[in-house]
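In the two assemblies presented below, chain A is common to both, partnered first by chain B and then by chain C.
Then we have the complex of A and B:
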């Protein structure tokens, strides 16, 4: 039983990170029907910025939580700037072009950003300091859930609650929903759609950066390629949950994380991806639009 | 108040509007009638900046607006109730109305206007927390008109408000349009296929065919015009 709970919690941790990144895919898709393949790279850049900030701060003698918070903040700011610029440079000029064009542009940006970091930094795995401290009160349950996992769970939970409140109650959140539901009508009531799209990219990037910093600190290393791998998983989570749906991304992420964790724990960690993608295939056969996805009406 | 001069609008290489010239005076109800595909909706979308004209000029209260963005045009007081109502389906009635007032920041006055549209359409108040997509066609049309009113428009553009509605509801909608015009002094530009009703309501009318204006006259004169009677009134 204890083993089951342990696997459950580790799956939840993993899944909540997938969900955090998947939200970026799904929110962008919901508004402009584009799979932003460079989203994983934004996550990777977030982790790298945090890595650099940690290095600098450690030289000046800072440790622990203060480093985590400042590195996290700067990672968010940098990632947001990258996400905003990405949209402006690679997608906005292609607004109104056939859907394939921005998709190819997205793949191009993904390759470009990976190689940019590869050249500017290195292709090696770099050691990332464990920024999340071991809490004393966690000791009695440390064999089931670690402090780092607890911090990840709480951070992602708080982030998702804040995001939900933002989408539901703020003016920009309502503008995002209106734009998602009917873009040209949103323009007719006076919503600046370009601005809404920019904000969507910025929010998605901030979520990715939070995920990047948490995972880098948890796993203990960064590399220019981590964004691609995380991106593929998060994209899977978004499709699993129903792309375009915000609750779907969260559910998809958690389902994916739990499946992987149980497959790794009870069968073999070599097969966790087989089960993850097997589940994806299964759900897409039974519900082609994902768990929470709505079948879209074709507008004429 | 609004003046379209030799407006030409294209979709890609296809010309939808060919030299359209329309004049609307302040306080008037003007209608634009014509068959399906004549270019009526395109005319409204050109005014609102969704499909900006390639040639020609659109002026509102003396200043050119055809190069402005849609949100700037809304800010000037031109609001559209588009064809098919276009309610935000996943937002509640109140949220839909709030979106109508998106560019306004005067919270107290918005609240007052909310009460005003609930007075106009009491059914909407009963449905205030219901999702827009779950309303009936007539209720959606009322919501669409109310949403536009929330912006306090000087010029209200209506695209086929009677489409797909029961005769009784159509009657009610047309009466409200008249009321908005009389009581708020809002200028109305009404696009309709229901030519009979529209011409009875309007002061003046334009007839459009294949992207061109073919007739302009007083609404009563158009109602008596033989060609109009044959082509649009089925008499």
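Then we have the complex of A and C:
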């Protein structure tokens, strides 16, 4: 039973990270129907910036929580900046082009960003300092759930609540929903659609950066290639939940995380990825619109 | 002046963006920070210049679009190379020249050059195969390398366990890949473009994970060594001779691929693919069987990858899962995209450029992937039709005008 709970919690942790990244995919897809293939790279850049800031600060003698906060903030700022620039450079000139074009452009951007980090930094796996301290009150349950996992779960929960509030009650959230429903109509009622798209990319990137910092600190290493697999998995989560739907991304992320965790724990950890993609294929066959997605009729 | 200010702002923005990654390098083992200020200067200058080029190119693109809208349509105007190829007499001469060059190549240059040429030719066939799926049928396949792996492993394993020869496996590998294409195609028939891309990507990764972990079947990450080279009636060949021999087989395979895909393109099924690419709903309305069309696109695309996979295993005599990563898929895809989707000549030229360039410019090979990535983005923005765009076949009633004149 304890093993089961342990697996369940680690699946939940993993799933909440997937959910954080998946939200970026789902929001962008909801608005411009584009798989932002380079989203995983934004996540990786977030983790890398955090790594660099941590490194510099530790060498200049800072320690403790201040490092975590500053590194996290800078990671978010830089990820947002990259997300914003990415949209401006690679996707905006392609608005109105056939659907395949922005997707290929996104793949190109993903390869570009990966190799940019590879050339600018290194191809080695770099040790990421454990930024999250071990809490004392966690001692009695430490064998089931670690402090880092707890922090990840809480951070994700808070972020999700903030995001829901943002989308539901603020002006920009309303504009985002309107753009998602009908872009040209939104433009007609005076919504600056380009701005809304930029904001969507920025929010998505911020979420990815949070995920990046948490994962890097949890796993303890960063590499220029981590964004690729995380991105693909998160996209799987987004599709699983029903792409375009915000609660769907969260549920999809959790389902994916739990599936992987149980499959790895009870069957074999070598085939983790196979289970993830098997699940994706299964969902797509049985319910192509995902768990929470609505089926939309295609019109001519 | 306004432009100058704008460019300055852009370059400052990029200096900010690239600052932590380009300038700072942390060395955690020796505990010191390396500040690379020179990089900052370079980024600033490069972006400053690039932003001018970028603005100019965007303006030009817009102007061209405006011209196209106002009726002066020059989009369908064939490029110079196409005009050259339209000229029948010149085309035959050119083709014979190329063929002659290809045939004498291994005798003029040394074995090393032939080996490079063989790998370029392998990518030509891969590009042409993927061209069917992506270029003609418009189904984005990000796991194409999986079919390549199926072919390579089919040869390696059948050769290892049963001692079957190259020529027996060559068609078998193709057909096996074909089957995999159909297996992959079935569940995703109902999916639209972007889902398709992700599922194929997942498929590619599943194949790789299985090859890496199922050691009893595939010998795991260490791969399979000592695969037989293709034999010629049991003749003993040294390395140079067998390279030449493989080179000629490859030339034959390339010609076969060109002929078959060229014929396919203008066949009934090829037209159905193009219709599918342009508009799926209209395509159904015209009475085209979508399931059959999509499956055949996958199967026929996969077939070439399987064949050339067998070739690859025979050429390198050693394979392991590391040869079949997503990056390979991405390279093949960029060959198709850069060369010109749907255009056979474009894909051939694309493969030659993309594979031979890093071989001959060694200094450049480190920057190969970053340039590929950037080129994919730039191509999509400024020249979506590729280096050599696909010309649509047009049918004109040449006789009609004369008849009406006579009346």
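Assume the second predicted complex is superposed on the first by the 298 of 300 C-alpha atoms of A that agree within 3 Å, B and C clash if a C-alpha of one lies under 4 Å from a C-alpha of the other, contacts with A are read in each partner's own complex, and residues count from 1 in each chain.
The rule is simple: a contact is a pair of C-beta atoms (placed from the backbone, for glycine too) under 8 Å apart; a residue touches a chain by one contact, two chains touch by 3 or more.
As the structure is a prediction and not an experimental result, all values here were calculated from the model.
Chemist: Residues of chain A touched by chain B versus by chain C: which partner has the larger set?
Modeler: C
Chemist: Thinking of the overlay built on chain A, is A:189 touched by chain B (first), by chain C (second), by both, or by neither?
Modeler: Only chain B is touched by A:189; chain C is not.
Chemist: For A:51, is the partner it touches chain B (first), chain C (second), both, or none of the two (neither)?
Modeler: second
Chemist: On the A-aligned overlay, A:1 touches which partner chain: chain B = first, chain C = second, or both, or neither?
Modeler: Once the two structures are laid over each other on A, A:1 reaches no partner at all.
Chemist: Go through the superposed model and pick first if A:181 touches only chain B, second if only chain C, both, or neither.
Modeler: In the superposition, A:181 touches chain B alone.
Chemist: Which chain A residues are contacted by chain C in one complex and by chain B in the other?
Modeler: Dual-contact residues (chain A): none.
Chemist: Could you list, by residue number, the parts of chain A that touch chain B in their complex?
Modeler: 171, 174-175, 177-178, 181-182, 184-192
Chemist: Name, in rising order, each residue of chain C that touches chain A in their complex.
Modeler: 13-14, 16-18, 20-22, 24-26, 28, 31-33, 39, 58, 61, 138, 140, 142, 187-188, 190-191, 193-195, 197-199, 201-203, 205-206, 209-210, 212-213, 281-282, 326-327, 330, 333-334, 337, 366-367, 369-370, 372-377, 379-381, 384
Chemist: Which residues of chain A touch chain C in their complex?
Modeler: 33-35, 45, 48-49, 51-53, 55-56, 59, 74, 78, 81-82, 85, 89-90, 93-94, 97-105, 107-117, 119-121, 126-127, 228, 232, 235-236, 239, 270-271, 273-274, 276-278, 280-281, 284-285, 288, 298, 300
Chemist: Using the touch definition from the top, list the residues of chain B that touch chain A in their complex.
Modeler: 48-50, 69-71, 74-75, 79-80, 82, 86, 88-91, 95, 98-100, 102-103, 147, 151
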